[in-house]
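Next, two complexes with chain A in common: one pairs it with chain B, the other with chain C.
Right after this comes the complex of A and B.
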């Protein structure tokens, strides 16, 4: 039996409580509070204690999907990315970069937000980037 | 937050306004309880009888949207009694005379007429806040989600500076961020007017710096906020939208309106870990990795940048968001080839001065609080210590304004929205969690027993709620938590979506919608 605990941060509010993910034989089975963390000092709320449950939910999306004949259907990354890039490029060519908007996210990492705004500004060429801070 | 979470427990007074802290930031509420145990005074101003109110030295349920009047009234009483911090005001601030002139007119009677707060209560609140220092002010969306959101925040800053509470340990003006990385998304420049670390896109030197760093001439016109994007979709100016880890169908005001806007798009790209009300409308959906399946950093509400780590492999073919963005960018002809999240972090810190001294190694388990400008810097537990970032702290003299929509004969109730302790934001994650779902399975409307009586509604009966935007059915929760004439609806639940009702009117500066006040009608469902 292989048991690992992985330090992480709860993603259910802005407190940023330290958690430990419990992994048995490659499966995520629990969330524990980090005893030494400065924010939560070994405590968690009900959402934090159950943080792993959404990760292992069978409702998770497992593959990219493209709309074909009016329905979203699973596809490969290559097809999903290329089709999207082609459509985006066509829209930019016809209507200009300001016809595209990007919503970055208060739920993904700093690195991902940094890339999302870099993508919007450098790859698309617009400052139409915002996120859900106001909502 | 100007200050740190741990400091709250050493405050002599805590003023909680527009945050339901025990439900939405439980591990911050814990510090409030600890402060109480150490003898701190607790003031709670919230339209609902929230759990913290039970522990408060004084609790007022002011009328929705009357925060500026309430705060001006407190400042009126403080100045009249000579409780303000005169030497602090002289040395560290400007604009006091203008503030004084405006708050002079906010007499306790006038404030009572606007907010419904009894004069004695107002005086008691002012006295507790001004005479117990340091005093920490905590707020959340109850302050910001108004057409006067900016005025409300400035009023919080006014009262904090008036009593010398900014730039001191255990004091401060402390917005509690609702989502785990709101702070980080803002810091990283996920905003239409600024590059990372709030460097304006319109300043030529910034534009040059980033154009050089990213090897591309960058646009220097301010872009659309989320609030601007909706009309731009409707009038055909915005043709494509790429939505990362977001569910605007549930989180934006006036759902019918946003639905029409999304349908006008030529291309809707969604990136998420679940199907949501928004991904169902998408042309393409990218399957993303969850928090346990990727590496990276979040920045919490006290500006602490902390690291998450890979616990398990992503489910199925899902990829980390940074990998998806990189692939799409490369396919668009702007190459992004990062080996890992750390490489992105290091690029980011090189152009983001407040994060300049951070590395993954330095973050360790506890993280670092920005500003942390160089590799020797220990991080910053509280801001504005010797002087304010801008030099002198600026008072803003602010007049009270009514919310955009007030109750009338047709829609006689005040309606406000918020969260439930078991759920997070649009419910995408928490409703997929068996134990959290068991705590609260669907939405509800809180309704005062007096109003329930008038409507012949029993606890659990279905009621029909309507506003000028839309209508929905939901079960009634009869409770004296709300005053007569006030309704509360949580916004997590797609089957009774609060945001079919809410008003999209927004603050002219912050562009934040007025989720916290609108006029509504309630009747027993037929």
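Right after this comes the complex of A and C.
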């Protein structure tokens, strides 16, 4: 029998509430609010309370999906990235860089968000970059 | 994040060193684990500067040196209930404050835990402050602001004082409180004595889905009714409620009625509850009022 409490941060929104994962024999079975965390002081919203459910959900995507012959199919990261790059290039060539927009995330680091805007402005060539906190 | 953290003094230590009480507690736990009196011990340990619930086992006896009483209060008995549901034969040791002990009594009554498989080490009730206020019913509660006092309900008000509001005033005040509800289910999720497989609060005929606040006042009153003979006034629900609804006041009121009618004081012992429908004996005895 192995029971563990693992502190973590909620992955849903940008608030970053402190959570505790309850792990029973290697299986994630529950989420608790962290009482001493300064962001949430022991409180959570309904999404946070149910974090463990989406982690272990069988509906969760575990690899990138690519639409082939009208159906979404599992694929490798290499193929997914290559396809996205090819399509982006084709769109930019045909409709210009302003036809592309990039939405960054509250749940990645500042540095990753910086990279996202750099990529949008320098590689794609548009100012169409925004963030999920404003959606 | 680290520099933001407050220092949490260990309740048993004023100097930062280990007090003899803490050492005694750790030795006791080591002995229990070593001699297989318990298979695991639920207590607290500092992890990333936070006092977190922790499960100590025989495989890692040295770790017991890090056992603390913890300044934050979690429902260790709820964790025990979860473990027992999966592995009923396991012997569980538990660090118990007064509220944990009361909850254990209720869990024994309702056959969620077997007292023969449980050992407790009793510690003082919330010996230090988690926040500026105590979460426990025995400690000084949080002060509420003047707006809430004026149109809502002060969380620390006594049942008697709350009953002095006129009917209409009382109704409006409660509705003000209830309509803040986010339907997070935190009050139910954290409650040590909420263990039903199917919860009425998730029953779509009773509580419609798709909007917040949930149906008021049904949502809160359903929960309140179910807390009669169950709630041990630990305060965890109110503490986890993101919108500070004075939930305990409701549950205190229903338990007052339970006491008046059945002479049953919830959580004080592991005697049969008047509401228990199992067994040969009729336990529902009404007291003459």
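The rule is simple: the second predicted complex is superposed on the first by the 98 of 135 C-alpha atoms of A that agree within 3 Å, B and C clash if a C-alpha of one lies under 4 Å from a C-alpha of the other, contacts with A are read in each partner's own complex, and residues count from 1 in each chain.
In this section, a residue touches a chain if its C-beta (ideal position, glycine included) is under 8 Å from a C-beta of that chain, and two chains touch if they have at least 3 such contacts.
This one's a predicted model, so the numbers in the text were calculated from it and none came from an experiment.
S.K.: After the superposition on A, what does A:7 contact: first (chain B), second (chain C), both or neither?
M.R.: Both partners, chain B and chain C.
S.K.: State whether A:24 touches chain B only (first), chain C only (second), both chains, or neither.
M.R.: second
S.K.: Between chain B (first) and chain C (second), which does A:46 come into contact with in this model arrangement: first, second, both, or neither?
M.R.: So A:46 meets both chain B and chain C here.
S.K.: When the two structures are laid over each other on chain A, which of chain B and chain C touches more residues of chain A?
M.R.: Partner with more touched residues of chain A: B.
S.K.: May I ask you to decide whether A:35 touches chain B, chain C, both, or neither, giving the answer as first, second, both or neither?
M.R.: After superposition on chain A, A:35 lies in contact with chain C alone.
S.K.: Would you mind listing the overlap between the chain B footprint and the chain C footprint on chain A?
M.R.: In chain A, residues 4, 7, 18, 34, 36-38, 43-46, 49 are touched by chain B and also by chain C.
S.K.: How about chain C: which of its residues touch chain A in the complex?
M.R.: Residue positions touching the partner: 4-5, 8, 39-40, 47-48, 50-55, 71-74, 79, 82-83, 86-87, 90, 130-131, 182-186, 189-190, 239-242.
S.K.: Quick check: in the complex, which residue numbers of chain A touch chain B?
M.R.: For chain A paired with chain B, touching residues are 4, 6-18, 21, 23, 26-28, 34, 36-40, 43-55, 57, 59-67, 72, 77, 80-85, 87-89, 91, 95, 97-135.
S.K.: Taking the complex as given, what residues does chain A use to touch chain C?
M.R.: Per the stated touch rule, the residues are 1, 3-5, 7, 18, 20, 22, 24, 29-30, 32-38, 41-46, 49.
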